[in-house]
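There are structures below to look over.
In what follows, chain A forms one complex with chain B and a second complex with chain C.
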Partner chain A sequence: MSFDIRLRINERIAVIELTGELDAAAAGRFHDTVDEAATAGAIELVIHAAHLSYLSSAGLRSLVFARQKMGDEVRIAVVGAPEPVARTIRLAGFDHSISLVDA
Partner chain B sequence: MTVEELRERVDGFPTRRIHGYRVRAGRPFPYGAHRVPGGITFSVYSDRATAMSLVLFERGAKEPTAELPFPPEFRVGSVYAMTVFGLDAENLEYGFRADGPFDPAAGDRFDASKVLSDPYARLVSGRDVWGAEPDWDDVYPYRARIPDDDFDWGDDTSPSIPTEDLVIYETHVRGFTRHPSSGVSAPGTYAGLREKIPYLRELGVNCVELLPVFEFDELDNPRTDPRTGERLHNYWGYNTVSFFAPKAGYAATGRFGMQADEFKSLVRELHRAGIEIVLDVVFNHTAEGNEQGPTISFRGLDNATYYMLTPRGEYYNFSGTGNTVNCNHPVVRDFVLSCLRYWVSEYHIDGFRFDLAAILDRAPDGTPLPNPPLLEQLAYDPVLRHTKLIAEAWDAAGLYQVGHFPNYGRWSEWNGQFRDTVRRFVKGDAGLVGELATRMAGSPDLYQGRTSSASVNFVTAHDGFTLNDLVSYNGKHNEANGENNNDGADDNHSWNCGEEGPSASAHVRELRTRQMKNMLTILLTSQGVPMLLAGDEAGRTQLGNNNTYCQDNELSWFDWGLVDGPTAERELLDFTRALIAFRHAHPVLRSADHPIGADRVGSGYPDISWHGVRAWSPDWSDHSRTLALMRCGRHAKDGTVRDDHVYIAVNAHWEGHDLELPHLPPGDAWHLFADTTMTAARPLGAETPLEHPGRYHLGPHSAVVLVGRAADPR
Partner chain C sequence: MAIDYGPASTGVAHGTPPPGGFRVATDPAATVIRIPAALGALDRVATFVLGLGERAALPASALYRLRLAADELTTNIVMHGYRGAPGEITVDGGIDPDQVWVRFQDDAPAFDPRQGLRPPALDQPLAERRIGGLGVYLAFTAVDGFAYDLVAGRNVSTLVMLRRAEPRPPGGTDVSDEPTE
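This part shows the complex of A and B:
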């Protein structure tokens, strides 16, 4: 399944919709999108992950990248992550960097 | 320079192709595999190889994707370095193939049929899930991988606790939460341990010491339990495969290759809780064993560099495991130093405990060195400057250095004499009052000229009886280990209190609890650094097995039912917590300098004084089994802070004694903190005044702790 990413920014809240497989090859596009949101001065980043079918460890690391790119004052929420993905995020301790939110 | 500019650098372009891969000569340092713009640089040392190639696998593939020989011009000195462009690091596993002479007498054991693991690999796959059956025919069982070094540490820093203020808790990552009773979401993992941090805080320990977490193979034990036929494991992990890689099988996320992140999260959360982390590291030998052992890495890259060899090229065996790492060879020194620096800088580790550390001061021919360069280098290294260094100051070939390990004012030691003295005294051996006094004062006989933090005091450790077994078994019961009970130590200095093993007798059980409390009292009120074995605070048993290195089962795992289940040992647990809190509250027990038995601050009292049935009259005779001591609070932290007087009396005699207590300064009175014949200790600050201000009855086989402070309630 291919990867699709969409960004919209409303009143400095950036919303990223992820669909498909976020693997190492797709991570670059994700990074570029996070860059775009940061440059636009977003104060909150909401990542909708409910339609992700696969998240590789490179994809997971993209969340760390987002945190480091956006800075500590920006809240980052991952919404609707499938349970296996959410569990991996928690076990690896990445939930320290981002908030996991049920859909 | 921005990342974009970096991408444009000249060395970001390949100079040639090998088997279709775009490559260029790499930089020799750092060793290992590292990301560079557009590619990955691989660097490996071998002095005597005649040819070297880089072997690339897709993750999990049986056969290599490619094998790229290092061209002669990619070699600098004895270092082979190459940058390969366009690799997908996430799905890459790599190794090396070294060709060269097979001439054991000359020290060479090259074997070009093997794919060798990178000694500097920072991530290793192959044993990703603990105990999972591997492909035993894998041409490359322990596969080097490339991690991301982008962990979000936030503002994490070391708690930087002075060594003499530590209370160390020795535990095993898997054993701590693997038991079904642990209630954590990922039992037996770094994440599981992280979930138990609140328990550690409540217990009061401020340093966790982990049994080996460098990648090892839990399946390298060929034995089975003769009674059940079940596989025995290498459970403790003292057989390192890869020194820079955290054990994947200890991570719930190991199957995703995220063990480094999970482990770092554990470290970060321990630090947030004010708890330091010390790693038990095994540099004395490797998992390659002797001539019969597997060729994993070092043997095939440069056998004569990495191992101590006899003049005939055989392996010296000072470790008792088949080989001995050639620690004072300059190349190996560099390896050890790089490794420790890496764990401190990349994983924020606060200290190391060195297994069989006496080996680290042996020369390449095995001779003990008076000024071993490795130990000196570690002591003065800038990155390790504030890292705790703890030696197990002996080895398996008779080199025993407790008290005279080359320390450079930096090293602490596991004090085996403290362990033996306390065990023997408490069980009732005669003639030990003088020696116990010395041990409780921080062992100044062993550590003259050093601070009391030189002595890591312990009564039990992973190797040997648990505290409960120490008072429940006269002899070891290691039948489950498959060696006819011949393995494990015989000199345990244990006493079963009248019955071997579990007892239905209320008297025996009460005496055992009291004896455990007696040993904990001595341990936690002695000068030096106390270390507890995990589970001892709740009476954990191994059913008399004193060598559970191979037991990955309930014999080794912490049964959390002892903490909060129907079989809970609340009395012991609460007592241990109270004692730890008492130690933290009383700096007089934690001074850096050894006491000298004289008044150093003009308080009218010596820093430490000795007593017996009569105040100021200790009975040092051979038949005596009673000792009391008083610490003068004005001497706390070498006179820099004010504390109460603390009086500790221990009685290993089977009869009680009426003690005359030393007088306190006017206005102060003795208060009872703990008496091991009573169920519970008093809460801190609410110690109860004595019925008779100058006397106390010390029961048989018991200990008491009194606090001398203002008579009016504060």
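This part shows the complex of A and C:
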């Protein structure tokens, strides 16, 4: 099981690219990266999830953390999530607060 | 949401009901792993469950959900059962004619995972949500059956996924589950 995460920030738009499987063992890295984006003052967070093959509740917690840390005015989008991943996000009711794009 | 799952009709005449009320066969294909109670061992649970589900020819969606439930339940045992203390979790599973089952046994203090279940509070802003219990909620909604028993001081939890052609999830585009002629 592998997990990879990359962050880039351009003009205060933070883009996180997730690859692999995001379980509780990997969630700390996601949390830390979200924290880094928030601390950098990002006004928008775009999470590319097309290559995210698995997402557990531990990853969802980091999305809550992102919303808490960045505030309601920051748009958070999850882009291209595979159907099972998008289903988990919807089942948790997170799609009310986080934009699911191309999912 | 149905959580408790009564004795399942497996069609297996000589099955041995494990704790929790399920009737499962004494399956020669059943296997077992023992893992340390640590998040670093989650990948071993995933490998075990995915292998079991693939042998049972579970559709991709059911396979994903069984792995999700097993992953969440293991995480729950590590975080809320052992709470960082050293320990071991025994995971076994089997394939019956109409279902796949995965059973978890641990020696953490008695703890029924259902006590921690909390459906998401959809009416609350995300930033104000209490997130505890979400993993258990995802686990229980992912599978067809769950049972818990305390047996001689051991926590025993069993997940069941039925082996049946499942309806396509709303919006699903995966065509790999389509029956072929």
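Keep this in mind: the second predicted complex is superposed on the first by the 102 of 103 C-alpha atoms of A that agree within 3 Å, B and C clash if a C-alpha of one lies under 4 Å from a C-alpha of the other, contacts with A are read in each partner's own complex, and residues count from 1 in each chain.
Rule of thumb we're sticking to: a contact is a pair of C-beta atoms (placed from the backbone, for glycine too) under 8 Å apart; a residue touches a chain by one contact, two chains touch by 3 or more.
As the structure is a prediction and not an experimental result, all values here were calculated from the model.
Engineer: Overlaying on chain A: chain B and chain C, fit or clash?
Structural biologist: clash
Engineer: If we overlay the two complexes on their shared chain A, which of chain B and chain C does A:19 touch? Say first, second, both or neither.
Structural biologist: neither
Engineer: Quick check for you: in the superposed arrangement, does A:97 touch first (chain B), second (chain C), both or neither?
Structural biologist: Touch partners of A:97: chain B and chain C.
Engineer: For A:83 in the superposed arrangement: first (chain B), second (chain C), both or neither?
Structural biologist: Second partner only, chain C.
Engineer: Looking only at contacts as defined up top, I'd like to know whether chain B or chain C touches more of chain A.
Structural biologist: C
Engineer: Have a look at where A:67 lands relative to chain B and chain C in the superposition and call it first, second, both or neither.
Structural biologist: A:67: touches chain B and chain C.
Engineer: In the overlay, answer first, second, both or neither for which of chain B and chain C A:54 touches.
Structural biologist: The answer is second: A:54 touches chain C but not chain B.
Engineer: Pick out the shared contact residues on chain A: the ones touching chain B in one complex and chain C in the other.
Structural biologist: Shared contact residues on chain A (touching chain B in one complex, chain C in the other): 23-25, 56-58, 60-61, 64, 67-68, 72, 87-88, 91-94, 96-97.
Engineer: Where on chain B is chain A touching in the complex?
Structural biologist: Listed in rising order, the residues are 88-91, 148, 150-152, 154, 185-186, 189, 191, 194, 251-253, 256-258, 261-262, 264-266, 268-269.
Engineer: Where on chain A is chain B touching in the complex?
Structural biologist: 23-25, 56-58, 60-61, 64-65, 67-68, 72, 87-88, 90-94, 96-97
Engineer: For chain C, which residues are in contact with chain A within the complex?
Structural biologist: Interface residues on the chain C side: 39-40, 42-43, 46-47, 61, 64-65, 67-68, 71-72, 75, 78-79, 120-122, 125-127, 129, 131, 134-135, 137-138, 141, 169, 171-174.
Engineer: For the complex, which residues does chain A have touching chain C?
Structural biologist: Within the complex, chain A touches chain C at residues 1, 21, 23-25, 54, 56-58, 60-61, 63-64, 67-68, 71-72, 83-84, 86-88, 91-94, 96-98.
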